[in-house]
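Chain IDs A, B, C and D follow the sequence of writing; residue 1 opens each chain.
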Amino acid sequence: MSLEHLPRLPQRLVEMLLQNFGAPEWLVLIAGFLVAASTVVGVFAGGFALLSLVERKTLARAQNRIGPNRAGWFGILQPVADGIKMLTKEDIVPAKAEKILHLLAPIMIVVPAILALGVIPYGREWIPVPLELGLLFFFAVGAMTEVSIFMAGWASGSKFPMLGAMRAISQMVSYELPLMICALGVVMVSGTLSLPDIVDRQGGFHLGFIPAWNLFTPWGLVAGLLFYVCSIAEANRCPFDLPEGESEIVAGHMTEYSGFKYALFFMGEYLGLFAISGLGITLFLGGWQAPLPGLDFVPTWIWFFAKLCTVIFSFLWIRATFPRVRIDQLMRFAWLCMIPMALLTLPAAAIWHFAGRGLLSWVVTVPLLLIPWVIITVIYNKRLAPTLRTYRFAE
Amino acid sequence: MVETLTPHLPNLLWWVPLLPLIAGGIIALLPDKHGRIASKLAIGALFVSCLIALAALACSLTPKEVEAFAPVTWFTFGDVALKVGLLLDPLSASMAAMVTFVALWIFIYSTGYMADEKRFGRFFGFLSMFCGAMLMVVLSNSLLLLFMAWELVGLASYLLIGFYFEKPSAAAAAQKAFITTRVGDMAFFLGMIWLYSQTGTLLFYDGGNGLLESGALASLAGATTVGGLSVSAAAGLLLLVGAMGKSGQVPLHTWLPDAMEGPTPVSALIHAATMVAAGVFMVARTHPIFANGGGLTVPLTACAWVGGITALYAALVAMAQTDFKRILAYSTVSQLGFMMVALGTGGVAAGMLHLICHAFFKALLFLSAGSVIHGCHGEQDIRKMGGLSKPMRRTFIAYAIGMMALSGFPFLFSGFWSKEGILHSAQTWAGGYGPFLLAASAALLTAFYMTRQALLVFFGEPRKPGVHHPHESPSVMLIPLYVLAAGAVLLSLIATPIWPWFEKWIEGESAVFDGGALSHGLGLIALSLGIVTVGVGASWMIYRKPSENSNAPDPLAGKLGPLWNFLERAMGFDALYEKAIIGPLAFFAGGVDMLERMLFVPLMGMAEGLIKGFGRLTGATDESGINRGFNSLCSGLKQRASSASRSQSGRPQAYLRSIGLGMSVLLILYFWLSAR
Amino acid sequence: MTPLAMLLTLSSLMFTLGLLAVLTRRNAILVLVGIELMLNAANINFIGFWRYGPTDPALTGPMFVLFSIAIAAAEAAVGLAIILMVFRHTRSTDLNKLDSLHG
Amino acid sequence: MIPLLILTPLILLAALGAVWKARPVHAALLLALTLALNAILYLVLGADFIGLIQFMVYVGAVAVLIVFSLLITRPGDEAEEIARRPRSLVTGLACSLPVLAVLLFMVSRFETAGSAATDARSVSIEQLGTTLFTTHAPAVMAVGVLLTAVMIGAALFAREPGKKTPTPSDS
């Protein structure tokens, strides 16, 4: 058993153990599944704890601060301290809240994120649930998030959560559209909805050293960039973190939550971030494929997590750099820039698929995407760009 | 060039009618404010189709077999396929060229004439559709396609005559035109169906199987129907009625004089190139059916007599009119009568020659009339004009050419030769002298009333000085006039008996120059000359010195007395229709109305309404009684209705529930019954 | 009870429930909810017949459901847009108050 | 059969709740639940693609849309709804129960006719796509046109009448 199979080790162990004790077949199967699932959940729960620390540290560096440094060595135990604090806090439920929905909402935010994490291929041998319709499944469970956010906002029986939920839903619906359209281009070229297959199609190298990832095609570049922007918005991260813009609506749909439920929301959000980044890596960055030839000795899942770390770090960097946008700018950007460009990647992908992947496709698809890109940029900068706001009574 | 073009004709020819139709469709989608674009689009489309039509004309100059393009199977029911197609023979080629050419200049003229019009674009859309439909009539190789396009022509004419639909008279005129022609169309339709049931085809030429080819004609002649008429004669009569409706023959002519309620270019188009020509053209196209059986067939005789009567009637009426355009309108009716006479007595060629010549000079006359009216700020009464030859010299010259062509001034003008041809064929007709005499007197009167019009409008002194400041029209309106005037003159070159190129071409022969031909018809030419001289001279004698007062009665009015009034009212045709058709209809409608009230009122339990109903029966003329009865009936109805309407709650779910309950009851009933 | 009969019963009951909502709910949006229920009841039938009926290479059952879902989405979008417009005019989505067409 | 036995009552309960709950938001959320359970039913029956699509469209779009409109329109008190309930329920049941009776009658008749293939069946995405774009291609185009029209129409409807889309300087 090589390092490649390391993540499946717990599952194998449990299965072998049970078989030794003469457990029936179905029990072995279910237990194996459970362990495989808990592996994923465990890895990403740990990732969540780590990320919460790394995020604070990174932001602190960007803002010329030190960041958490009290608990443990360089503050390494900060997540543990946070967790203990959250768990021991009083769980406050507002009097006007809908009790059941108020309880259900944070749970229902974590569940789809975990479900979505289950279909992503992390390594050649590490695919928790190899579904034929993996991509569709990912989006289908992702659709549940909106309902749960609404539940959170509405069940709190308060004004800010409601406003935050409405913002969140409109934002997520608007950005889900270009997100799916970008993914469709990949589906068209790969000819499959299965995520492991999509990764397989991105194996190999052009000219011996350029990886054959979807990102390194004209349509894939555009779709990947759009996907990246959309995933920031889907994950409600800065600069699109309007639903919880603390300067305007306290904490959005999480305002009336405290203690462990609040932590669940955070966990759901970070798991969602992992999931959408993982999907982006799978679709455009070649999944677990190595970035250069001759690096095959490294276990594939290490490549995946290296890519994941890079992408997540870029998210942190963006958060530290860009100011928050306004809700009307956000919506206009989605409907007037993202969706048209995303729609254009579809014909480009179709040409790529049917006209072969040679020079002809490049000659056709590059102008097809570049010219509208320039036009949309120019129009956006001229007519639609956010103008300086003047406040009449602010002087 | 002809050789290279010929193979492409079947494809190109479709574009002749389709281009204006498509342009019309596009214009219909344009907002009104884009009128300029619409006019350019319409003129451009028509220009291209004019070019194609002229090319087609060039291709058909060499005498050859009839070329039928029937490639399109329109639809199939059972094993019967209905085909439509186009046809190119001298008849259709000359008509198509004439229609596109004349209409093109009318379009151009319209851009000037309608310049201030708010619905400018819409106007051109209608015009385009009108022209396209007419071209389809002309080029069609199928009686069905012809009929469809024919109806489209009717629709477009309705829209255009009623273009100023805010004006009640225009709206009424449009309806009148539509309904009157509908009478004819009904007969046409019946005739068409009859022909189809007899022969099983509606294509004109179809490689020996067509309607106008020997096989079908023989079967038509063989079958007889009521009164010993052959089917072809009966169907021909029906078609003739259709043509009478479209071409304004007595007694279905009354719409045509009213049709000038539309804008003047429309009148020009209707009277010259499109609408009325359709009827004559249709008779010419189906002439083999009319002439089927040889000799003096019933439909041809009818055609000749109808034409003759129309010619004389309209000429008489035109004498007594005072409206500039109305005179021209009646002259059109009269000239259409001539064409019918020609078709009835002489054959296609003479009639078509007159049709084409007439199209040119009648368009010219109407356009100059428009120019005059435009210059006189909308005045149409010739008694109020006068002395316009000086301020509107250029219009006057154009008008004079058209007027002389229409009156048949000798030698130089096309109208003389074409009319002479008609008189010639009428004179030599085997069916008697009736149509000839009618036509000859109509020709005399034509010269008379046209001279009268010219004298009253352009000579003498202005009779209303200070009121009008006549001005010359812009050149966009004048250039079409001169182009058409040139056509009116030049056409005479191909129509003289010395070199009767046109007639021979239509008949499929080649013409030879024959100076001697003139001498054969010398007597008739002398007669024509005499007719024109007498007509013009008499008019000159009477109207040379028109009265200064615009309200003074016509000099002839005193001499003719009540007869003049009779003529002025167009021999009372409208009044007759009012009494004979509308009266009984109104009476019948009143009866139906009364019946309804009598049945309705007791049903509503209104004893009061019942009494009023009896009161209405006994004192039918008592206006106030009727009114009061009606009011109380209404209020009673309203009361009952408001109590009944309470069930209409306006709530969708209440309706849904009633529907659901009803459904349930029905279902239960159904199962109960089926279970028993 | 065969599975198919069970599905058919389920869809009948669901359809009736949808009908009940359409007939009794006063809020226009909830009427739309009822309509969605009825549509879904029909979809269950299609899937059920496809699953337990004779083999159909044209996949009529799933296809019909697919199109029905697309059309339901369109219907919901337009329906809700109309309701929002009505709401903007009358400040109410209560169907009983929208009776300006009453007699 | 066992999953069916579990799912059927759940679906019915959720649907009943969607119909019965007086508070509109509860009804809408229960509708979402019903539709999600329906999606699971499709998955159980072997129509994976349809199930996931159902989940995506109904739960992700339609239910959210309904909930969103509820938030915008802010329906009033449910006390009145409850007060009026007995009356409307009578007529409602009077209409819907016969329909139910007829439907159930037909179902029972159908069963006596009897036909049940019980072999497991599933539809692959490839098969579905091929059929969709060959046999049903016209329908796909028609739906495409429909959806485009609906998008434009809904945008037009939802726009504030007589008001331009706001530009940033307006705010």
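In this section, contacts are C-beta pairs under 8 Å (C-beta built on N, C-alpha and C of every residue); 3 or more make two chains touch, one makes a residue touch a chain.
Since the model is a prediction, treat every value here as computed from it, not as a measurement.
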Going by the average position of its CA atoms, which chain sits the greatest distance from chain A?
B
Pair with more cross-chain C-beta pairs in contact, given A-D and B-C:
A-D
So, in whole Å, the Cα centroid of chain A is separated from that of chain D by 28
Quick one: chain B and chain C, Cα centre-to-centre, how many Å?
57
So the centre of each chain is just the mean of its C-alpha atoms; given that, what is the distance between chain A and chain B in Å?
75
Length of the line joining the C-alpha centres of chain B and chain D, rounded to whole Å
60
Contacts with 2+ other chains: residues of chain B
656-657, 660
What positions in chain A touch 2 or more of the other chains?
none
Which residues does chain D have that touch at least 2 chains other than itself?
49, 53, 61, 91-92, 95-96, 99
So which chains end up touching which?
A-D, B-C, B-D, C-D
Going by the contact rule set out above, which residues of chain B touch chain D in the complex?
656-657, 660-661, 663-664, 667-668, 671
Contacting residues of chain C [partner chain B, same complex]
19, 22-24, 26, 31, 95-96, 98-103
Listed in rising order, chain A residues that touch chain D in their complex are 101, 132-133, 136-137, 139-144, 146-147, 150-151, 154, 162, 166, 169-170, 173, 176, 193, 326, 328-329, 386-387, 389
Seen from chain D, its contact residues with chain C in the complex are 1, 4-5, 8, 11-12, 15-16, 18-19, 24, 27-28, 31, 34-35, 38, 41-42, 45-47, 49-50, 53-54, 57-58, 61-62, 65-66, 69-70, 72-73, 75-76, 81, 84-85, 88-89, 91-93, 95-97, 99-100, 103-104, 107, 110-111, 115-118, 121, 123, 127-128, 131-132, 135-136, 139, 143, 146-147, 150-151, 153-154, 157-158, 160-161
Over in the complex, which chain C residues touch chain D? Could you list them?
1-10, 12-21, 23-27, 29-30, 32-34, 36-37, 40, 43-44, 47-48, 50-55, 57-59, 62-63, 65-67, 69-74, 76-78, 80-85, 87-88, 92-94
